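My questions all concern the structure below.
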Amino acid sequence: MTLLSVRDLGVDFGGPLIVDGVSFSMKKGEIVALVGESGSGKSVASLALMGLLGRGNITGSAMLRLNDGRETDLVRIGPRERRGVLGRHVSMIFQDPLSSLDPIQTIGAQMREVLSLHCGLRGGKAQARAIELLHEVGIVDPQACLKLIPQRLSGGMRQRVLIAMAIAGEPELLLADEPTTALDVTVQAQVLRLLLSLRARSGMGMIFITHNLAVASSIADRVIVLYAGQVVEDAPADAFFAAPAMPYSKALLGAAPGIDSVFGARRLPTLRGQVPAPGERGVGCRFAPRCDAMRPTPCQTQMPDLLTIADGENEVHAVRCGRWEELAR
Amino acid sequence: MTAPVLSVQGVSKTYTQRAGLFGRASRTYALRDVSFDLRAGEILGLVGESGSGKTTVGRIAMRLVEPSEGEIHLAGQDVTALSGAALRPMRRRIQLIFQDPSASLNPRQTIRQILRTPLRLRGITDDAEIVRMLAIIGMGAEALDRTPAMFSGGQRQRLSIARALLMNPDIIVADEAVSALDVCVQAQVVNLLLDLRDQFGLSILFIGHDLGVVGLISDRVGVMFRGSLVEIAPSRELFERPRHPYTARLLAAAPRQGGKLTPHAEVDAGRLFPTSTEGCAFAALCSHAITECRTTRPVMRETAPDHWTACRRADLDLRPTHC
Amino acid sequence: MKSAEIILSIWAHLRSLRPRGRVAAYYIVFVVIACVAGPWVLPYGHAHIDLHHRFLSPISAGHPLGTDEIGRDLLTRVLMGGRVSLLVGLASTILSTVIGTTLGLVAGYNSGAARFLITTIIDATLCFPVVFLMLTLAAVLSPGVGTIIGIVTLVSWMEAARVVQAQTRVIRKMDYVTAVVAMGATDRYVLMREVLPNVAPAVIVSATLTIARAILLESYVSYLGYGVQPPDASWGNLLNNAQEYLESDPWLAIIPGVAIALTVTMFNLLGESLQDAIDPSIQAKGRRS
Amino acid sequence: MAEGMLAFAARRAGVNALLLLLVSLTGFMLLHATPGGPLAQFSLSPGMTSERLNQIAHSMGLDQPLWLQYVKWLGGLLKGDWGHSYRDHAPVLSIIISHLGATVELGLASLVISFLGGLAMGLIGALRAGEAIDALCSLVGVILLSLPTFWLGLVFIYFLSVRTGWFPAGGLMSPGHASATDRLRHLALPAMTLGLVSIPVWGAYIRSFAGDTLNQDHIRTARALGVPGWRIVLRRVLPAALLPLIPIAGVYLPTLLSGALVTETVFTWPGVGRLFLDSLQYRDYPVALGVLMFSAVLVLMCSLAAELLHHAADPRLRT
């Protein structure tokens, strides 16, 4: 069953589009990795869905199906209604767990605030539920943790606390914006596992935003690659890592050395140039200037559509490349 | 084997810290008894998590931070005690590349002024070398009259490398030099460093936290944990046959392309372990620890040819099991 | 930097200012020209006493701002007073900026005894309420324009010193400074080539705000009768006995006060706008993606 | 923790003692370096002879070496003997204390006005950053900051007293009509004068601290969790903006005293500021020096108290 259906999402800040016609949909309980380099528009897109951009024009729609069967458009809802949705149906966690917690309130005060807002719990009940939640996210001594201010916790513990606050309202959808980028690699693995087990337990869908394909591979069911504000590939994770169809995806995979296959090669495949700035995009494929498979036509003259190249049982694979068929051979 | 270009011998660094304004002063180890050699023309990787002391090692090797104990030898000469005017000529032999491309170039100078600084300090007034160096890093002379703000992160990192190379150093310390870059740009800079090593015979101390990048670029890799160097070995050997439980854990935790995690929770999840001052720093987290591990510090010993491990239980088979 | 380059960069900064900053800059240029040239152009000397035309209201024939209690032309007096007030502001600002920047650089770059000494002196000076200290000094020293410049300097240098010290401490830890230290540059080289140019914008901002404050301080001391002495005029001492005639002739109090308030406001606006132009981080915040 | 607090207080007391020593030395040297020295007042009296002057000097110990005079004076300070006024021979300390009440009254009243005004201005500016009202607030702030206190006082006197007769033009109270309302009416103009010019000081700090907090990630996180805006302002922005104000309030005292001196002069308000000015005018050096020292002690005590309060209030500083 579809949880979220984003159609033609566009964001601009009065100039060229930063997020340009992004469409995708995700099923209930699915983990979708939104992958892209800086400037790809992945964070802007997610903040736009949350209504947290503060400024800018947002177009398109993002229909979220709530557990009670109602549907709500995350782009169109008013501020009052959004407050009822955020935290209860959609939550978000961010990259830097230290600055994401209020430095002058204890963990307990911050958790109780969320619990009273979304669950109507106060006093002893809120305290009990907070302990339960912290326990659920793998914090060993929840009572002690509640009395501390965030600075006294390690990075991994802080991110766990934030996850606990995000799931307090039992949301259907969690947006995670680079939640493990600031963490050490051993802690990162623990947090990724935690997110997977929370999904298994609650059936919560997740949009996981990252620039790191290896991390995406560790957790995602489905990978969506963004380039210069557009979706350029949307594929099941297995299919994607086995055979990416878009030349950009291939380059991205090749440029990041994995720890199993690095020795001996000694040079990494590279991409020339850089992501075009929003004002410097041509009419054709936005990746064309950097693409080895580029042909003057149609690559430079016409923007390729997002083509569905495989449409199995629940397994859509789409790519924005006019030459994908030739290249696949 | 030729003499090492840089030799760090038994270096420790302690800080006296006051916890808050009212707190009592206490001594903490940022580094503890770290020893290694950087050989001529080699790239030595240093990996470790935040707070492991890898950055401090780099700064101490450059004499930007004073070691509390131990010695630093540069090309066979003890430079630990040098200071002021005596230190300055030694400084040019070892140069630093930083993590944050936005802070590593003076925002109020043009690229020409920035790149002239090393030449001026070497007593050279001719600009020809600057243009030559720009070509080496893949940039044109038109860059000279721009300010750092007009360049992307990757370009600034190249300029930072050019500035370091203009000192004509023997050694480069690259402190998380590619960590802040996007993956494609990161690949370009990694390749550039490898080219430069081949071209100039540089020795590079490459500090990083991404095991893939460090493993790719380095000939040997040292692993640090809470201020101690726990293992050092040729990179293939280290990655395929780690002998320190911490190295094994690090390797197991690294995310892999195409490798999926399973959602089981870990036992030691959200707990803070105190660093023990006695015994092995990793003992509290180690599933192989025996009583001795907690009471006496392990010493570095050669567990395989050129493979050094500071673990009493280095005989265990810790080949990474993929999860 | 060559002086031509400095002027060019100031001009470039001025053009990048917000509208209110540009208005302030134009006003300041206008006031300076008016105070320097005005008294030459106007028919009356500032000490020209005309007992037949005392207490003339503003917009009187020949006296656009009226006359004072002994018939002196108020416009001429205000412009002459402006000369002194601006001179005190400018001179004491230059002095205190030079002193403050030097001490701030030394205290920010060193970490040992030099920093302790300088910060202790700054703290000790800040213990005195400014006006109390100024009056004490003024009472001790023989009055005059030079004295008041010295006094204002003595109570103003701490601001620049604190700003420069804080900035220097930040900048000397920046990677680009570390890079130059690692190249074997001397302290002097690092200070002059790397630190000073990066501190300079903050110094310029602080100097602009210091002028504003200095003009105010001069007016306080002169108003209380310890500053510039009659018959010389300053914006402060024009108000010195205005309170006596407040009931009958309020413009004698209002006009010089407006001159002070307007000029100080403009210097403050200029400083504020310079700060915005130099430190765009305030606008840049929240534009992360 | 308590032990740590003591150690901190002891460290600060050491530094403060050093500062006071510097302050006292500066003040003493200043007043004794005057042309004519402390005797200036006596030398102006009619019929004064140099013989008589020497006699006075001797009786006051002024013929002793300067360092000895300083040491004696400092010793007296420590014992609570701050010397005697030349004018009426009253003990300096009790003169100061008798003038203190009026200044405290004026200072507190103006503090309330300036803090509330600054809070409103700063919060509006931070919450509506970049909008027209923010620009307006900052413009008003700059103008208030640029007004000479005494001139603002004169303007108030002219418009609110001379022209309208709403408030008295000066003094502490009307003779013979001592009532609370009368007292407040006398306080209104000086408190407003002193309060208005300090509004932008608080406004700028609050605008900046609140703005910094609003830009922090935890505000975004709170929004992402559906916390309503008013609650974010009340629970997160306000405490974060007010906490760093505590130590600033501690070092604000000298500015307040400076403003009080000028305001007291305009409104003939019998406080410490006026006392200082009068003592300078009459060359009553023991009193002038006493006020300087008194204010320095007060400044240091207040800043120490503010720092201790800050550490008690801000959980980040506790360990």
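Details
The first chain written gets the first letter, and so on, giving A, B, C and D; residue counts start at 1 in each chain.
Everything that follows uses one rule, which is that a residue touches a chain if its C-beta (ideal position, glycine included) is under 8 Å from a C-beta of that chain, and two chains touch if they have at least 3 such contacts.
Here the structure is a predicted model, which means the values were calculated and not measured.
Between chain B and chain C, the least number of touching-chain steps is 1. Chain centres were defined as the mean of their Cα atoms; on that basis the chain farthest from chain C turns out to be A. Here the spacing of chain C and chain D, counted between their Cα centres, is 22 Å. Taking each chain's centre as the average of its CA atoms, chain A and chain B sit 31 Å apart. Centroids of chain A and chain C (each the mean of its C-alpha atoms) stand 53 Å apart.
Across the assembly, chain C contributes 286 as residues in contact with two or more other chains. Residues of chain A found to touch two or more other chains are 38. With touch defined as above, chain D holds no residue shared between interfaces to two or more other chains. If you check the complex, the residues on chain C that touch chain B are 174-186, 189, 193-194, 197-198. Contacts from chain D toward chain C in the complex involve residues 15, 18-20, 22-23, 26-27, 30-31, 33-35, 130, 138-139, 142-143, 145-151, 154-155, 157-158, 162, 211, 215, 251, 253-255, 257-259, 261-262, 265-266, 276-277, 280, 283, 288, 291-292, 295-296, 299-300. Looking at the complex, you find that chain B touches chain A at residues 49-50, 152, 154, 182-188, 190-191, 194, 209, 211-213, 215-216, 235-236, 239, 249-266, 269-272. Contacts from chain A toward chain D in the complex involve residues 50, 52, 82-88, 91-94, 96, 99-106, 113-114, 117-118, 149, 151, 162, 165-166, 168-169, 175. Those residues of chain C whose C-beta lies close enough to touch chain D in the complex are 20, 120-121, 123-124, 126-133, 135-137, 139-140, 142, 212, 216, 219-220, 223-224, 226, 236, 239, 242-243, 246-247, 250, 253-254, 257, 260-261, 264-265, 267-269, 272, 282-283, 285-286.
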